[in-house]
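After this come two complexes, each holding subunit A, first together with subunit B and then together with subunit C.
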Partner chain A sequence: MTSTGALLRAERVTLGYGRRPVVHDVSLDIAEGGVGLIGESGSGKTTLARAFLGLLSPMSGTIRYGDRPLHKADMKAFRRDVQPVFQAEALDPRMRVGRSVAEALPRAARSRVGELLEQVGLDPALADRRPHQLSGGQRQRVVIARALAVGPRLLILDEPTSALDVTVQARILDLLASLETERLLITHNLAVVRRLCRTSHVLFAGRVVESGPTSELLSNPAHPYTRALRDAVPRLGGDPPEPKGATEAVPAATGCAFRLRCPLAAPVCERPPEPRDLAGRRVACHRAEDVLSS
Partner chain B sequence: MIEVRGLQVRYGGRLVADVPELDVAAGECVAIVGESGSGKSTTLLSLLGLTEHAEVSGRVRVCGVDVLTASPRRLREIRGARAALVMQSPQAALAPATRLGVLMRRALRLHGRTDVDRVMARALEAVLLDPEILRRYPHEVSGGQAQRFAVALAIALGAEVILADEPTSALDVTVQAEVVGVLHRLRAERDLALLLVSHDLALVSTIADRVLVMKDGAVVESGPAAEVLARPSHPYTRELLEALP
Partner chain C sequence: MTTDAQPLRRLLPRVPDRFAAFGAVLLAVVVLTALLAPWLAPYPLDEPRPLERLLPPSGAHWLGTDQVGRDVLTRILYGGRTSLFIAVAVLGVSAVTGVTLGVVAGYAGGWVRDVIMRVTDVFLAFPALLLSLALAIVLQPGVNTVILVIAVTWWPWYTRLAASVAASIATRPYVDAARCLGVPAPLIVVRHVLPNSLTPVLVQLSLDAGGVILTSAALSYLGLGAQEPTAEWGLMVQQGQTLFTTNWWVVTFPGLAILVTAFAFNVLGEGLRNALDPRRAVR
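And now, the complex of A and B:
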């Protein structure tokens, strides 16, 4: 454990594939109460998750597991403590789902398959089915049961509900909220984070643009990108969205990466914004005061 | 533009969609809402006669054509041209080794359109796409761009009806808003009849005039969107509303 109590922590981490960095200088703790990583496709959130799982080494900076750098840690203990939950397609299509769960258990504990399936709200009789014989929601529950098999302290969940119907999604979110395991949740949907994460980090073009209590970020965003994400979530009976054709503008190579999509962009945004503390969160935006007051 | 009476779709004798009545007028947006397996996509596909191996009965009229009795040739006249289908994964539906410009040009010529360049430019402008996209291959565009390209193709071909099957559920929320916004605007500007299939009641509530809620193949509730959402009468509709995160 570090002094802050975080099980995992990124310290000025830059990540990339080949020589090309896609995540820049990110520092964050996976602290208690659930942590959300929010951003759209290509924002670097899955890359960061891969680094937290020890699947990608940083180009610079350090991922810490407890008080040690992850690459020097006891990986057996790490794999027991930190488990990934990907989308349900991660199940072997030929394998009965009970066996998929059993594989994650020590040989002596394989009788616990039924108990684990029950824990995630599945009938133990489903253990004999293959993935294609289950619904999308049931398959996702199997994936969660398999992750829970080793008794992890932290689940790293990458878009665990984005392929599911809203009713099924709601039940999976209920299940995740009921677990005592800590969680890092990666998603593009702020509404999902609201349920499960006390703290959230918003990523744009590989940089954390806003971090803070999820409730603050949602009720009063300080970064225009956080606000765009929040406003994009459809509200029941809300106004039709206004298309602007802005979402495909490539991130700016210099200055603030968001400026080509930003409704508040000003000449000052041609300089890169430094992260700063403001109104109970950390934000990297020259115009944050204007965002908060508008 | 769409008129359905007593539509029943069966696979191997099993009833998978039972829609007593469904009308979509020009300039109107109707949404079919329900979870996977509710029969909503089957209903949509049957409107273009695309339910292979199914027994379909009832009356289905789209753009004045009686779909269930029309000749294959007559069906081809409306499919893709007057009534266009927008699928969940447009990239999967686009030929992977064909540039988007070649694909669009070919579709327009196939349907006998002239003045192809002008039509293409206008259609792309309508969906807020840069004409530069025509030089790209499907894998070189984002999901939201591919989806708007599918809508542009429909517009270029002069579609009067757009049938959209979960057009945004594979997209990021910001991109989803763009696609839904484009569909909504085009409906008003071009008097399009829009039939939208989705599992997301919040999303459809922003643009639909009327809503049909389907469960296990049956329509359990239907009516004006504002009324169904404010006073849901069926427990399943209430369940869908409560499920919104």
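And now, the complex of A and C:
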């Protein structure tokens, strides 16, 4: 899925640590309306986010910032435009939170710390506290305030609510939804991605297996992994979710990586699936039609 | 925890167990007596009294006199200054050098880490005492030589420790966040990596202090460290060794001073390690 005018774009990007690739040949745009990266732990979401933040260089392929490859871009402008929001633990435990926020500001603008804390719904007096003296929700707001300090156009949100309880999650989501920045959201929480992202990409074993409008993906998935993710969400008052297929199986080394866990796996799945357009989304599955119709 | 230990705990809230508190108090006594030696010492430091040679402990000389008639208690009090100074200087030089290199290696990674760690490995490949002895033989004996030769063998341990901690800190999200804000690498190291790497180093320093005192005593004992008329515990033991069977106090009391100080440092270090590492915490 590519479109023109995206602030950030991955073009056939392969990423890894040392010589071991963990994200394979991924192409995607950070389009308007919020983009979600969905997948289980170890699927490569955070690795991809680190590449978009310029913290990890691709083994092959290109990350583009505007019309230039990131490694040739004006990094000062990039750092102003793109900021991360990590989990609430992303504050230096020894540093007062006001100082953590001030780190993002030029010396002359450090008086803005109180204003930024207020913007995220915190009492400016909390600036003198250390992270362990704040609640998880307050810490997450400080992390957001720090990211907002430089006036970014795009926030890369890496599991911003996963360590928070449900009521605090809701308030943080309200705050994120109210911000006027673009966002790339990395999460395994489908409710969060439904709330904040118009487009989503589902990652499995370092590959994008399905991309498209979030509402379509979650209401009528075309990949068995997307469906498994959706069906694994417990519903209040309903029966507990039933695992389908071998949920703990490792990704297959050849063919479709999901086939060892896929309840619809067939001999054809021993060949790697090519991504194709189907029913308003892009999907990499030999059995996508069967998934849609089942 | 019994009630009689609670005043100690109030005095030392960061030290969770009584044993460590005892070590801290013992060390404080050693440091204070060394600092206050000019006021506490009953006799002048270097005043040989040939008529009072090798007097056993008595009311006039609580710990007896040595082979030239000097008061052993006086020399132990002043000797504490030398031994503690050597410990502080060795650990200061070693920690500053080792931690600086270690933090740079841990944060930078890649070839910078490889170069620093291989040099460190070269130093670690030599047996420490043997290297110290070899250097001490080449250089002029004295307190400065002791500090130099021990520090040469001590810094690599801090480099290794700091490098491993810094490498772990460098992957924390708050360091990534600082990178994403465009904070220059040297500032990230100074603001985030160094302060968060120091806790295990401080614990190691307190554990090592006893070892440094013992090593400096060993060098002095071999005649390669402090020289007469400097008061130093290891030197006192070396000078009194032949008298042990006939005039035991000349060698026993300085030996006890070394033992007590090394013990206090070690106990305090263990306590700090337990206090700062919840997995090893005393329950």
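Rule of thumb we're sticking to: the second predicted complex is superposed on the first by the 288 of 294 C-alpha atoms of A that agree within 3 Å, B and C clash if a C-alpha of one lies under 4 Å from a C-alpha of the other, contacts with A are read in each partner's own complex, and residues count from 1 in each chain.
Here, a contact is a pair of C-beta atoms (placed from the backbone, for glycine too) under 8 Å apart; a residue touches a chain by one contact, two chains touch by 3 or more.
In this text, all values refer to a predicted model and were calculated from it rather than measured experimentally.
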Is this a clash or a fit when subunit B and subunit C both end up on subunit A? fit
After the superposition on A, what does A:Arg259 contact: first (subunit B), second (subunit C), both or neither? neither
A:Ser100 in the overlay: touching subunit B, subunit C, both, or neither? Say first, second, both or neither. second
Subunit B versus subunit C as contact partner of A:His201, first or second or both or neither: neither
Just subunit B (first), just subunit C (second), both, or neither: which does A:Arg183 touch? neither
Subunit A as apex of subunit B and subunit C, Cα-centre angle in degrees (nearest 10): 70
Please tell me which partner, subunit B or subunit C, touches more residues of subunit A. B
Quick check for you: in the superposed arrangement, does A:Arg146 touch first (subunit B), second (subunit C), both or neither? second
Mind working out whether A:Ser41 is in touch with subunit B, subunit C, both or neither, as first, second, both or neither? first
For A:Gln83, using the defined touch cut-off, is the partner it touches subunit B, subunit C, both, or neither? Pick first, second, both or neither. second
Look across subunit B and subunit C in the superposition and give the shortest C-alpha distance you find, in Å. 10
By the touch definition above, which subunit A residues appear in both interfaces, subunit B in one complex and subunit C in the other? none
Which residues of subunit A touch subunit B in the complex? 40-41, 135-136, 165-170, 173, 188-192, 194-195, 228-229, 231-248
Could you please specify the touching residues of subunit C with respect to subunit A in the complex? 172-174, 176-183, 191-192, 195-196
Residue numbers on subunit A that touch subunit C, as the complex places them: 50, 53-55, 75-76, 79, 82-84, 86-87, 89-95, 100, 103-104, 143, 146-147, 150
Mind pulling up the subunit B residues that touch subunit A in the complex? 35-37, 128-129, 142-145, 172-182, 184-185, 199-203, 205-207, 226, 229-230, 239-245
